[in-house]
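I've put the structures underneath this note.
What follows is chain A paired twice: with chain B in the first complex and chain C in the second.
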Partner chain A sequence: MKLKIFFVIVIFFFSFGLSLFWGPSVINPFNLDETSREILLSIRAPRSVVALLMGMALGASGAVLQGILRNPLADPYVLGISSGASLAAALGILAGASVFGAVTVPLFAFAGAIATGAVVGMMGWNRGVIWPERLLLAGVGLSFLFSALLMLIMSISADEGLRRAILWIFGDLSMSDWTRVPYGLVLVAGGLAIPIVRARALNALVLGDEFAHSLGFSPGKERLLLFVSVGFLTAASVSLGGMIGFIGLLVPHIMRFMVGSDNRYLVPVSALSGGALLCFADLISKSILPPMELPAGIVTAIIGAPYFLFLLRRKNVLSL
Partner chain B sequence: MHKPATLFLILLLFFCAIPSSSYGEASRRIISLAPNITEILFSLGLGDRIIGVTTFCDYPEEARKKPKVGGMWNPSLEAILNLKPDLVAVSTNGNHKEFEERLRSMGIKTYIFTARRLSELPRDLREAGQAFGAGQRAEVLAQEIEATLSRFKKPAPLRKKRVFFIVWPDPLVAAGPGTLIDDVLNLLGAENVAGKARVSYPKYSIEELLRQAPDIIVIGDMREGIQKMSEGLLKRLKSVPAVKNNKVFYIGDDLYRLGPRTPKGIEDLSRLLGDKP
Partner chain C sequence: MSSACKHAILDMQGVSFSYTGAAPFVKDLGLTVCEGEFIGLLGANGSGKSTILKLGSGILKPAAGSVSLWGKPLRAYANKDRAKLISYLPQTIDISVPFTVAEVVGMGLYPYDVRPSMTVAEALTLVGLEDKRNSYLSDLSGGEQRRVFIAMTLLQGAGLLLLDEPLANLDIRYQVEIVRLLKQLNKERSISVVIALHDINIALQFEKVVLIQPGSILGVGTPEEILTEERIRHAFGVDVKIIRQPGGKAYISYESNFSRPDKEPGTPVAG
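Here is the complex of A and B:
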């Protein structure tokens, strides 16, 4: 177990290092000219950090959500949070808002995510506790509504800003700079701290509310607390770089194959490997057809999905 | 019993078919499905015959007032039929072929503009002039374009200016190979930095742009807010010669459409590149 965790940590730092020095062109850290230095420090470094943070948020929130909803198909996008964020971001882009400069669109996305999370939470709230089924269904319903509204806006608008909105919705890390790092860091660290501290409660919730109750946890309150952390993590990831699929849904499952279902290990390991995967996928997406860039989300799924299917055949266990 | 009716029908079809050979001359109700076609038709003096345009057709000013039939990629068949056109003008550069086929299968005549490259524009204009019975005006326009092309055609200088044309600053999208902008840069003896990308409008890597260090950056200023939106990008490109030497320029949308405004776009770009015509 310790070896496996160590392995994930090594992969995490390895993909970060690789993404700094490898890319459309190789940078030799011992022989830096002016341009390489600038590319390394103000283009690659912030972009890799944003990719890591975003991947960590997605991996961890997926693991937590699958636990609190007791549903292997749950992922941070199923709750409608990302659709709400995308809708708000697209509105911001199309309205040409720039009140807060470069962080305007991320700010819109964040506000949209938090607002949606609150609405979904209220819909799932009944008799003082959060109900998993209600939460999930409310999320799916809102998700459809917001996606439809987004399509509506895009259909009736002939604006060139659409190109940006679409790229953004499909996940785009190309404009990442250091301004996004501090708030991303705060949100992801805060969002990760809750499930790590409450990992035992999460374990108990997976086994059932009665069981959790008998262990001295209040299922309703624990679920609410963990749901809030998922909301912050998802909001952080969507506002950092749009929507990137696969990581939130399948990275936790891949990690379950590897380290088992104990959330004390599963959540941090899902975060680390989610970050590593996104960082690596982003590296591929910008290096494969230079000087053109592909959306990172395409690469995450193309790398990740076959590996997941391979594991599924070999291990043939899939439990939370 | 049915024979006279059938005969009448055949004759009717026959007579209907005759004017179609002289095409648009007889067309009083034309719908244009691309903004550059709208501009060409207006410049041929056919503006008052246009009864419908796309939502992208914003030039000349009168085009804005024409009824809209939808976008370039998704025009509404119903809206088109409702306007009862006798000719729909489409472009191979932007409209779907299937849509044109659909129109023809419903008995609507179509006229197809085929020019994609700068060098094909005069021919396309002359053909359209013939078809729409505006041959003289088309000839004048075609000659104007040919004159511009030969006036600006330059032998390649010893060191080509390396130009990067930004279509959209955030995320960074450039004008790549096969675009009118690429053609014009080549005409002016400049090198299009994005000319070797694989697609026409590549989403461009910022770090590659830093490495390629263009001498001049031109930003297409087609929409309010582009200049403000570009600030962040330019800040990140501050070590690039173009930014360092204050060679970042904004240019209007004349070079986005292959049509009557293209010569003006060529002149503007040439001026920005610092060449005297």
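Here is the complex of A and C:
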């Protein structure tokens, strides 16, 4: 187990390092000229850090969500939080909002995510606790509604705004700069701290609420706390770079094959590998057909899905 | 009932509960579990066995009445302190989760900040699963899965086990195996056990039986005292005949006519 965790940590730092120094042009870290330093510090480093934070948020929130909903198909986007964030972000883009400068669109996305999370949470709330099935159905319903509204707005909007909105929805890291890092860091660290500290409660919740109660947890409070952490992580990821599929759904499953289902290991390892995968996928997306960039979400799916299917075939397992 | 008990672990008095907020499902219920007792909570499907165990473990909050654990109101305990004294195993646990046996048993340590002396390996040895440590829960038989959760409660260190239908969906071999294991733990480790069950033949092998009719207790005592043909007819709504063998063993024979509907459980019977 320790060896596997060490391996994931090594991959995490390797991926980060590679994304800093590899790319359309290779930077030699031992021989930096003025231009290389500028590219490294102003363009690549913030983009890599944003990719890491976003991937970490997606990987961890997927693992937590699959646990609290006891549903292997749950991912951070199923609760409609990302659709709400995308709708708000697209509205911001299309309206040309720039009230808060460069962070205006991320702020719109964050506000949309938090508002949607609150609505989904309220709809999932009944008799003093959050009900997984209600939460899931409310999320799916809202997700459809917001996606439809988004399509409606985009289909009647001007072309330039439309293109930016589409890029945002499919995950766009090209706009990353240092302004996004501080709030992303705070939100991801805060959102990760909760499931890491409450990992035992999450394990017990996976086996059932009554079981969790018997082991000394308050299932309603624990699920609410974990739902709030998922809300913050999803809001952070969408506001950092839009929607990137695959990581939140499948990275936790791949990590279960590797380190097992104990959330004390699964959540941090899913975060690390989610960050590593997105960093690596972003590197490929900008290097494969320069100067054109592919959306990172396409690359994460093309890299990850076959590997996941290979594991599924070998292990013959798909459950929580 | 509490007067007959030297050390009452769990004491439920005047407990009422309703799922809907309307007519109470459990009404004015009184039940005491004494230290070292091994009790079968017997009743028909839907009679309230699970509800009683959930009220006793604090999962459900009674609308009226009191539930005490070791003389202190159950609600006054911090969650973790309560978990060290009482363990409830639900009837259905999601075993599709790819947790290993050792991971599940290790969850018994969750209420503790400082590890108690028993280890996962020791708990697994006590239930005879020492060689299944790294197996996935879903790869075990129904009886073995039950034993895994019993090992977890051993690690939890609770002196009272409330088990909701632990014999459901098990064939007779595993039923005997689980009851034997629980009796052994009851005798050797002084763990008090309350088992909800609906099989009258198994209840006849217990030393103490609590017979439930929908929402209330029909009788508490030895199977000879409580499991009379009339009471069983009342609790289950079927006619049975109790056959006692010379050695003292008893079993029931179902006497109803399959072509004629039986009475609803709880319907008063004349004679």
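Observations on the model:
Everything that follows uses one rule, which is that the second predicted complex is superposed on the first by the 319 of 320 C-alpha atoms of A that agree within 3 Å, B and C clash if a C-alpha of one lies under 4 Å from a C-alpha of the other, contacts with A are read in each partner's own complex, and residues count from 1 in each chain.
To be clear about the criterion, contacts are C-beta pairs under 8 Å (C-beta built on N, C-alpha and C of every residue); 3 or more make two chains touch, one makes a residue touch a chain.
Since the model is a prediction, treat every value here as computed from it, not as a measurement.
With both complexes brought onto chain A, simultaneous placement of chain B and chain C is permitted, the two fitting side by side without a clash. In the superposition on chain A, contact is made by A:Met175 with chain B only, not with chain C. Within the superposed three-chain model, A:Arg70 lies in touch with chain C and out of touch with chain B [touch as defined at top].
In the superposed model, A:Ala148 makes contact with neither chain B nor chain C. Touch criterion met: A:Lys286 reaches chain B, while chain C stays clear of it. Of the two partner chains placed by the overlay, only chain B lies in contact with A:Ile43; chain C stays clear of it. When both complexes are overlaid on chain A, the residue A:Arg200 reaches chain C alone and has no touch with chain B. With both complexes placed on chain A, chain A has more residues touched by B than by the other of chain B and chain C.
Of all Cα pairs linking chain B with chain C in the superposition, the shortest spans 43 Å.
Taken together, the two structures place no residue of chain A in contact with chain B in one case and with chain C in the other. Interface residues of chain A, counted against chain B in their complex, comprise 23-25, 34-35, 38-39, 42-44, 96, 98, 101-102, 158-161, 163-164, 167-168, 172, 174-175, 177, 286, 289-294. Contact residues of chain B toward chain A in the complex are 55-56, 71, 168, 170-173, 194, 196-199, 202-213, 222-225, 228-229, 232-233, 236, 239. Residue ranges of chain A in contact with chain C, taken from their complex: 70, 200, 203-204, 206-208, 210-211, 213-218, 256, 260-262, 317, 319-320. Listing the residues of chain C that touch chain A in their complex gives 54, 57-59, 79-84, 86-90, 92-94, 96-100, 103-104, 107-108, 110-111, 138, 156.
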